[in-house]
Structure formats: C-alpha cells, structure tokens
Amino acid sequence: MAKVKRLGIIMNGVTGRMGMNQHLIRSIVAIRKDGGVALKNGARVMPDPILIGRDAGKLEALAKAHGIERWSTDLDAALKNKDDELFFDAATTAMRAGLLKKAIAAGKHVYCEKPVAENVKDALDVARLAKKAGIKHGVVQDKLFLPGLRKLKMVIDSGFMGKLLSVRGEFGYWVFEGDLQPIQRPSWNYRLKDGGGIILDMLCHWRYVLDNIFGEVQSVSCLGATHIPKRWDEDGKPYKADADDAAYATFQLAGGVIAQINSSWVTRVRRDDLVTFHVDGTHGSAVAGLQKCWTQARVNTPKPVWNPDIPQPIDFMQTWEEVPDTQVYDNGFRVQWEAFIRHLYDGGPFKWDLLAGAKGVQLAEAGLKSWKERRWIDIEPLKV
Amino acid sequence: MAKVKRLGIIMNGVTGRMGMNQHLIRSIVAIRKDGGVALKNGARVMPDPILIGRDAGKLEALAKAHGIERWSTDLDAALKNKDDELFFDAATTAMRAGLLKKAIAAGKHVYCEKPVAENVKDALDVARLAKKAGIKHGVVQDKLFLPGLRKLKMVIDSGFMGKLLSVRGEFGYWVFEGDLQPIQRPSWNYRLKDGGGIILDMLCHWRYVLDNIFGEVQSVSCLGATHIPKRWDEDGKPYKADADDAAYATFQLAGGVIAQINSSWVTRVRRDDLVTFHVDGTHGSAVAGLQKCWTQARVNTPKPVWNPDIPQPIDFMQTWEEVPDTQVYDNGFRVQWEAFIRHLYDGGPFKWDLLAGAKGVQLAEAGLKSWKERRWIDIEPLKV
Amino acid sequence: MAKVKRLGIIMNGVTGRMGMNQHLIRSIVAIRKDGGVALKNGARVMPDPILIGRDAGKLEALAKAHGIERWSTDLDAALKNKDDELFFDAATTAMRAGLLKKAIAAGKHVYCEKPVAENVKDALDVARLAKKAGIKHGVVQDKLFLPGLRKLKMVIDSGFMGKLLSVRGEFGYWVFEGDLQPIQRPSWNYRLKDGGGIILDMLCHWRYVLDNIFGEVQSVSCLGATHIPKRWDEDGKPYKADADDAAYATFQLAGGVIAQINSSWVTRVRRDDLVTFHVDGTHGSAVAGLQKCWTQARVNTPKPVWNPDIPQPIDFMQTWEEVPDTQVYDNGFRVQWEAFIRHLYDGGPFKWDLLAGAKGVQLAEAGLKSWKERRWIDIEPLKV
Amino acid sequence: MAKVKRLGIIMNGVTGRMGMNQHLIRSIVAIRKDGGVALKNGARVMPDPILIGRDAGKLEALAKAHGIERWSTDLDAALKNKDDELFFDAATTAMRAGLLKKAIAAGKHVYCEKPVAENVKDALDVARLAKKAGIKHGVVQDKLFLPGLRKLKMVIDSGFMGKLLSVRGEFGYWVFEGDLQPIQRPSWNYRLKDGGGIILDMLCHWRYVLDNIFGEVQSVSCLGATHIPKRWDEDGKPYKADADDAAYATFQLAGGVIAQINSSWVTRVRRDDLVTFHVDGTHGSAVAGLQKCWTQARVNTPKPVWNPDIPQPIDFMQTWEEVPDTQVYDNGFRVQWEAFIRHLYDGGPFKWDLLAGAKGVQLAEAGLKSWKERRWIDIEPLKV
C-alpha cells in the first residue's frame, strides 16, 4: 500500500462563498474523500485542514458537516503549530498581504486567492519575503483551468491557428440593480470605499489568462465607467454606486497579438457563454466559453457577401466545429490545489506563484492609471 | 395627371462595383422604372442621368443595358450643360474633393460617396465652397438605412431601452489573402499608398452611425494593426500589405454613452451578421445586424449563475426576441437618393450633408492620430 | 444567538384539504422546521399551534404526523387560553363570521381564509368589531403570491407595459360530472343550498387580484350559467346541480382599464395554464399563468396579415419572451403567513385585511345582482 | 358540350382592396377562368362583369389586367342595360342602401358586402323592396366559409360535442398607432365621423357566425372602449381617434348557449390565430382559427391539478387533436359567389340574404345601445 503523508493546512476565510464551495468542499474535502494527492513516487498526500475564521458557530458547523476535526478562531495560535506547514487564505483582500507576511515569518508555505494585495508594492514585498524565506508559494488562477480555456490552449498549442493575431474577450452579464429583481452579487462590489470596481476584480484575471495563453502583456489602454450610479443593497436600501461597473480595455501582447476585452456587469448576454474569448490566427480561429470551445479552420472559412438587400444567408453559428471532450475536466480549483501540493513535495517550477499574483495587481493598477490619464500604459517587467 | 419634372444628373464613377450596383441600378434606374420621385405637391421628379467615366466601352454598354441615353468621357463638357443640375461622384477618394469643387464652381448641386476628401481640411474647404455657392449637397451614409439599424433606431426612439449606456460594435470578416482562395476585396484596400486602410474606410461610417443613433462622438482611442503583412493581388502576385487591416477603437459619446467598435478584415465571424451593434440601456438591450434586430427587456433579462462545473444551461441566443418587419425596407441607397431629390425640390433641412461628410473624415484622422500618439483624441466641433 | 418568541396559534379547520396542505404543512410546519420567522430586530417568532376540529382522531393523527403537541375539539376552551394570541380559520364559510366575532371578543388577533362571510353586511360587521377591539387581522389572498402573478406585477411596476389598457382572464378547467371519471372537486360546489357556485367562489379572488395588480374595481357586469344541471356526487349518486358553474364577467377598473374574466368548471383548457391573465398596455403586453409569465414589447409586436387563403404563417406562441426566474418563489400561502406574523410584531400597514376580505364578498354579491338584474352594477367604496 | 349561359353583372366598388382582390380577382375572374359555374342541369353560367367606379384610369387598368371588356363611370346608364341582370356593391357603407334601392327599382337581382345599411330601418327597407320586387338577393358572409369555421361546423354537426354549452371568441391584433411603425389599417376605422368603430364592423359578422353555427342570438351585453385615443394617419399626421377600438361582448343564444366574444385592435396575439372560437360541449370541445380546427373529446379530457408549487406539468396545446383537411377549401368569397349564382338559376332557398344582412346591422345597433345604457339588450325577431 502506498505511503500516506499528512499535510497540515491552515485554511483562513473558508466560511465565505468561494472559500467554502470551491476551496474547501470542491477541493480539499474532495481530495480527502478520494484518498489524497498522488506524488511521482507513488506516495499520497492527505490534507489535514484546520479551519480559521471569526465565527465559531459557523466554523464548527462547517467542520462537522464535512468531517473535519480541527477549527479555531485564533490564527496566531494556529500559525505556531509546527505540524501545519501550509497557510491558505481566501478572506478579504484588504487583510491578505499582512496575513501572508505573518505566515511566511512563521515559516509556512503559502497559497492564496487573488488579488494577493491591494497594490503592486505590497504584492512584491510579499513575494520578496517568500523568496528570502525559501518557502513555496502559489496564487489561485482558476480561469486557466476552465475546460473551455484548457481546450482553447490545446488548440493553440496544436498549431491549428497558425500565428496568433488577435483576441476578443467579452466578460459579464447584467447584475440586477435590486429594485425589481433581487441582486445576485454583493453590494460592496459597487462601492469604491469597500474595494469594489470591475477593473480591480477582473484585470487580475486577464493578466494570467493573457500571459499564459496568448502572450505576455506589454501595454494596456483601459476606459472604465460607472454606468449604473444607483443600486439597492441586500436590505433593499438604495445606495450610491461609485465603483466602475464596466471596463473597455485593449492590450498589446508579446508577439504583436492584440487583445481587446470588455468586462461588464451591465450588459445583457447574447453570445455563447458568460465569458468568451474569440481568437483569430492566420490558419484558424477559435472561440472559447467556460466549458466549450469551437474552431474554424482557414479552409472552412466562409466567404460572406455584404448585401444590404437580403437577410444574411449564412448562419455563422453553424460554420464552427466544437472541440469535443476528450477527458474528464475536474473542478479547476481542485486541479490547481493538486498541482500545488505536488509542487510542495515533488518540487520543480510552479508558474502560478506570488510573482504571477503581483503581475495581476500590476495590470489592474495600470488599467486604472490608463483610465485616469487617458493614454496607453506600458507594463514594466516585474522581478523579485 | 401629376406633373413630371426632369432632373439632369451627371453621374461620375458608376462603372465601379458600388457606383454601378447601388447608385445606378438599385437607385436611379429603379426610380426611373417606378415613375420618378413623388414630391409633396404631387409632382414627380424623373432622373435623367448622363454617365461619366474613362472607359467609353463600359459606359456605352452600361447605358444601353439600362435604357440610359446619355454617356460621355468628357466631364468638363458635361459640367457646362446648364440642363444638368446635379453632380454625383462615386469614383476614387483621391479625386473627389477636386471634382466636387469643380462641380460647385459650375453651379451644380452635389451628392457623393464617402469619404468626401482625404483629410479634414479639404473636406471643410468643399463644404465652405458649397455654402458660399448656395448649392444643395449631400453625402452617402448608407448604413443608416440598413433595415437592422432602422429597427434599432426605432427601438431606441420608442423608449424601450431607457437610458443608453454602451454600444459594442463588431464589423468585419475574413478577407482571403489570395494564395488559397480568390480575394473578395480589391488589393488597394491593403496598400497605404493607394489610400487603403480600414481606419480611413470605416471610421467615416462609424461617425455618422454613432452621431445619428447613439450620441455625438466626443473622443476616440484607436489602435490599428496590420495583422497580415503579405497578400496576393488580383493577378495572383504577392504584395506587401502595409495598410491597417484591423482597428480596435473606443469612443466616448455625448450623454456618457461608451461605444467600443472593432473593425477587421482578419477575423472569422461567429455572430449574427457581418456587422453587429450590441446596445445596452437601463431598461432593455438590443442587437442589430444588417437586416435584423433583437431585443431583451429588463423584465426578461435572465439571471445567469457562474458555475464552472456545468455547461452553461442558458441558451443566450434564445432569450432575445426579434423585432419583426412591419414595413417594406427599400434599398438604403435608393431611400437616401429619394430623400436628397425631395430635398432639392421641397427644401427643408438635410442632415446628411457635406459637413456630416467632413465629420466622418475628421474621425478617421483622429483615429489615426490616436493610434500614433497612443492616447485619447478629443473631437472638436466642426463648422463651416 | 437570536431571541426566539413563541406565537400561540389556534388553528381551526386544518383537517380539510386546503387548511391541511397549504396552511398547516406548507406554511406553519415548514416555518417551524426553518426556525421561525425573522423579525426586523433579528428576533425570531416560532409558531406554536393548537389544532382545533370536530374529529379527535383526525386531529391527533395530524398533530402526531407533524410534531405538533396540542390539539382539541373544544374551541371555546382554546379561546380562553391567554397564551394563544392568534385565531386562524379555514373551516366552512357559513360558520366563519361567527367564529371570527367570537375570537375577536376573546381578544385574539385573527387570520382566515376567504370568503370572510356569506354577505357584505356580515363581513363589514366583523371588520368593525376588529377595528373597535384594536386587534390585528388578515385574510388569505393566495393568488397574489403565485409566481406568475408576482412576475406580472413586476413587469407592470417596471413600466414595461406603459399605460394599462385591458385584462383578459380565463380561469377554469373541466370538472368531471362523475358518471365516467371520478370527480375532482367536492359536490357541494355545485349545490346552491350548500354555498356552492363559481361566482361566490371566484369573484372574491378577482377582487383582490384586480384591485392590487390592475386597478380598483368600479363596476361589474356578470352573467352566470349552470351549464351542467346533473352531476354525480362522492358516492356516485346523481344529484341536481343548481349552482352556477360558469361566470362571464366584465369589470371596469380605476384608470379606465377593462377586465374581462371568464370563470368556468365546464371548459376544456387550450391555453398556457389553468388560469391566465392576458394584459395589454400601450408599450407592451404580458400573459401570466400560475408559475410563468411572458411578455411582448411594442417593438417586438408582429404585423399579422388577415389572409383567409393561407394558414397563419406566424406562430403566435413564439413571439413572446418568458420572464425568467430571478429568485426562489416560496409557497404563496407561507409567504403571506410570514408577512402576517411580521405584521403582528413589527407593526406597519397590512393591506390584505378584513376590509379587503369584505371587498371580495362585495364583488361576489354585485356579480350575482348583475346577473339577476341584467345590467352593470357599480361597486360602492366600503369603509369600516 | 354543356350549354353556357351569360350572366351580366354590374360590379360597383371593385377598385377597393376587398372588392378587387376577393370579389373580382379571387371570385369572378377565377370563375371565368375555370369555365363558369355549373348548374344542376349541367349548364354553366359565365359571369360577364362591367366594372363601375369613379376613376376611369383605375377601372381601365383593372379591366385590362384581367381580360374584362366592359367598364364605366356611369352607374345609371349601366343599370339601364337589360342584359345585365345582377347588381353587386362593395363600395362605401354610407351609399349602399341607396344604390341597392336603385338597382332593385331597375329590376336587378342584388348581391352586396356587409353592412347592408347604416341602420336597421334602412336595411329592412331595402329587404322589403327586394321582396316586393321579387328579385333575388344575397349578402356576403365570408367568415362562414373560412376553412376553420367550416371544419368547426362539421364537428358540431357530427354530434361530437354533444349539447353545446358555450363559445369564447377572440378576434383581433395590434393595429399600429403610426408613430413608430406604419399603420396597417385605414385611419378612418378610428374616427366616428367617418363610420369607424369596431362594434359596427365586427358585430355584423358575429351575428351570422353565431346564428348559423351556434344558435340564434337572443340578447347582447356589450362594452366598447377607445383604448388608444391618439393615432397617426396615412400621412404621418396625428389625429384624435374617437371610435371604439375594442368591444367586450356577451351573447345569449337560442338553446341556452352563451357566447363571449372580445374584438380588439389593441391586443397582442398569443393564441392559435387572429380569430379563434373556443366551443365547449357536453361531449367534447373544439377550437377553430381561420384555417385550422382542433378538438378534445370527453374521454380525452385531462385532469389537471391546481398546484401552485410546481410549473404546470400538462402542455395544454398538446392535448388537442387537429381536424385534418379532407377536401380542398376554395376561397370563401368565391364559394359564396358560386352558391348565389346557382341560387339565381336553380332557385331554392338562400339563407344569406338581405334579411340576414339586416340582422347583422341590428346586432351592431343593439351592441352600441347596450354599451350606452349599461344593460342587456334583447334582439327582437326581424321580418320583412
């Protein structure tokens, strides 16, 4: 029987929606049920989490519901436990950099949600401390593990598309104002003082998506907007929405690729999915949603005629071919957890690290600066 | 029986594809067959064209094919004929401003294709001469008369959308390089020295579309690209394509509306039509193609859930309702021809004039400048 | 931890189908399972019912099945218990007014099924006693809480429809006579001496639906009919059905809206649902069933052509767009129970009260009078 | 070879839309092409029309287009021609009674569109003159010959439905106001002074439909409305619409059948067709549109359950069975023309005569009176 190693994980902020559903239940609990993570040498790593938070009642209930023995409201005490080697954080952005520093000082490896900090300086500080301490570190980059984007990357890697030319991204949907229909996102997303704003939220994502799939980001031009200035909160009370709820951004990538991505909470969806990437290359094109991906090869490209006198005779949705499922696509959060755990034991490079996290913050900052100064902002190389 | 007036029209450049098909055959010849244009007072105007061009053989054949008695290769002589009151030009852009000036000097009314000139200065010069001469003038703005855009305007005018927030435009399709499949656009479009480039071509259109339907353009940020640097021409010979073949532009409009429009000859189409405008408003959204238009009201807006673990359960193409045909939509070029002819006799304002034409050139110039200087360019008010 | 208050409820008539399923099981028992009703101040109210009825065996079994400790056949004794503050009645109409008076005299708050009395005079008497006693009171108006009607109200409130013009209601289905198929409604519904008749039953409902959603009822013209004069009862015995089994009514509402509603137990259904309301407004129309709602905006209205020589080319069911679910719609009876319980503690207005109940009875009376006198009957304002 | 008789017909008012398309082209011209109408004795009757109107140009063009030799603007002269035995009128209602009297005085048989007169008195006068003169007469009742209504009548006649109980009719569609979309009905329909109003238009139709298919009309209660008080006319000019644009009517028919019919130009259609009749009988039900008819037998009647907690599980459109085409359904106007022509030669009763026409006017008058007096109006028997 394979040797089983225990991995003690201090999990902070898993009573929130994302932390609980994706990181705890869909990742750590699921890995435990499946007997842990297999390493190269055949050994298995079994995560042993201790849940950390402020609300003892919630923690206890959550732990009990999922067969977890340890929980606590005392993070400092938890960090002192030498048997727990990894610190994970999915709590609020404002606290993140401070907590990471504390954990690094305590000698823990760290893994966390994005954004890693509220600004680039803090993000780099954390990355430098981690390097100095020699600990291992990772940052969640979940969109890379969406089946649709994984298929898209496979299509690109196959050479199907030839030289990449351009990317069009559309992200978003209509977030209800709260007067007629109940809201489906927290109201703080729309208040600047609470850390809201779609640029800060989404440009962190676009950085790693662009860097990893299409080409390193070199420059950004971004226009934000607050299209809906009045919304109603969780209690049905109106409030002033002053954060940006839409961002119209264009990016220049290494290799001459141009990416134009609109992010919006105030658009009604008429496309394949909530996020889509339309990529054109010399030899073919591809469009990816969260789960699916479609392609059109050079030789299958139709020859449309611009004729204003007749309805378009081509059904352009029917001229693409779907990329089929050729494997089981596990939950993306879990896939990255497993990769990070193997990285802890097997070593080797791990590209989705604190520096990558800092780059996400850098792009969000540059986007906001571009909006303010009404010009293109170049993205300087970051290093630790 | 209704009185019939003759309108002598000097038509220059109608041996080209657009001039021949849309302006001559679908407009002037069709109007003649239907007994002319009806005026307010019940009288009818019958166009009597003389076709002008360089190739006598083509002119004669074309005239004969469509029952037209007059043609000539001598424009100067034609301009001297006092019985022909209107000069029309659909020949090359490079010559246009000069020809218009000559026609105005000869006392003719003028009507022409866009762009009215190669730069704003020339365009304004022509407009000023026209004003001084007191002649009537118009510039083709055909996209406004596409059924899809007319339906879209009707939807906006009806109040269905509430306050307009944003516009996303996608124009284009894949223009074959010429090595595998025959090209479907003239090769000069891809050479700078011949007046090619998609910014010059399309931003003239976007100016009047935006101004007339969504709000006056106030600012532009535009990034051009030459994605395909080598193409094959009409003779199958390779050439260097140095003109911009794609443009990624964002516009700020009066009233706070943001328009983001991508124009491209190097993209494969996965959407409703060759050009689509997706417009979001507080109370509803609409998407228009050339012929069709779809809407989604606030109360019909679905509530999508971001769940990376299941395929998108909502078919977002099915949550929109088509705007039905409630009238016959004549050819848009003809509709504008009829409006201009009525303007000649009935008087009254005509909004699609040489100043509007100059504004189109202005936006194209600003787009090119924005690309070069990597910043937003404000659009100053033009006046004659 | 939140404070929990006990609310003692004397529940009369919950062994019947509606009382048991909707009021006891789907409302009170479900609220108890979910930890009570949350008040504004964070406290929770836990209902503690005592079941009252005639059949001790049924009561005991029902109580036991749902974890309820108290039941009794002695209503008078129950009313004397000062710890039970609310009296609820869902027993027969004939007894209702008397029971309500008794409960009010005992100082109880009251909540009950409709009709609140057999005639307006009795209904107003009860309302006046309640006012004098200063107790809180409510009457079930369940149709208002159907998801379809809630969506319809949202559509109207959103302004989608512009000015309301007219309402067409179709209620009903075929109730089997009992000779071939088993009956699916109790036989007393079809006997006048037992309080049967569709006018008395349904016009109480239409009053609050019309008043709350479309406009206060001002006038009614109603034609009743007994289409099927012979039926078979629960024991398979034929009886004379002398109560009205269909009603064809037209209503004039405040604001000039006209509502035409047919109610029938002798019609075979070819429409979206068992009850449908088709509402036309200047800017749009909507059709609501029990659960669903569809809309058609002014700009999406098709232009049909009357051509007797070809089958209708438009599929009129496909030109409407569904109003999507944007929230969870709890059982409507429970929603109103929770609102009434919050009203007991948090105060504030409660529009579905005994006066509203009296108005329902008033409309039924007016409908019967209109039928008899063959003319329109105006609805006088009621007050307590 | 069969003997061919010539029938000279003076056709007045066939330059209008209905007269031209349905009576001239689809009926008389089509009959001529098919070799005339076959009589019982094998002889054939060939119509030989003379077209009468005011606009000589239109008449000449129309005659020429359809191979008709005779046309004239002088009706009086035409009536003097002894060789033309039948007078037909499809011109304006206001002139009809006068023209019919003149034709009868000239000894012609008469056939005409509805309404036969502007009021009952005039209608009866004409009928009496016709009787006295001993001529043959008919009035168009086209809806009876719609395939959908013919199938419905066949279903009723077959006994499928048992005893008829009730009829629900819905007629209408949305007539555009003219500000956004072009109008699709003439503007005079919406002005009282020009003879507009839906009650006058449609109740003439409902009279013969009800009398012939379901039972003689005995009583009517009708509420009219002018829902849209402002419209735009053929020239785009706003005008005050003061005629009734909707009518909500209930009818009591012989045999105890109740018919409830809504007619409206201000409703958006969600049903099988532009007009539908839903008929319930003891043994089965049927729904008819213009072309199609569906039935549901007693034994196929579903047993729906009223459950507010789940979406309706029954698709009520799928529980009906279509009545198939078992014959070719000729154009209804032609069918009645052929029947009338056979009546001229073969004799026998013809039920769609001037008295039937007078009954239609009578019902419209009674409907208007009911609206004004807010009560049921009985329909007295008419006789000549």
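Letters are used for the chains, namely A, B, C and D, taken in the order the chains are written, and counting of residues starts over at 1 for each.
Keep in mind that, in the parts below, a residue touches a chain if its C-beta (ideal position, glycine included) is under 8 Å from a C-beta of that chain, and two chains touch if they have at least 3 such contacts.
In this text, all values refer to a predicted model and were calculated from it rather than measured experimentally.
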item	value
Result of counting contacting C-beta pairs for A-B and A-C, higher pair	A-B
Chain separated most widely from chain D, comparing mean CA positions	A
Separation of chain A from chain D, taking each centre as the mean of its C-alpha atoms, in whole Å	67
Chain centre separation (chain A, chain C; CA means) in Å	49
Rounded Å distance between chain A and chain B, as computed from the means of their C-alpha atoms	42
Contacts with 2+ other chains: residues of chain A	176, 180-181, 184
Chain-level touch network, classified as line, ring, star, complete or other	other
All touching chain pairs, where touch follows the definition stated at the start	A-B, A-C, B-C, B-D, C-D
In the complex with chain C, residue positions of chain B that touch it	151, 154-155, 158-160, 283-284, 295-303, 319-326
Of chain C, residues touching chain D in the complex	26, 142, 145-147, 165-166, 168, 170, 173-174, 176, 180-181, 184, 221, 223, 225, 227-228, 246, 248, 250, 252, 256, 258, 260, 262, 264, 266-274, 278, 280, 282, 284-285, 287, 289-292, 294, 296, 298-299, 301-306, 308-312, 316-317, 319-320, 331-332, 374-376
Residues of chain A that touch chain C when the two form their complex	176, 180-182, 184
Interface residues, chain C side, partner chain A - complex	154, 157-158, 326-327
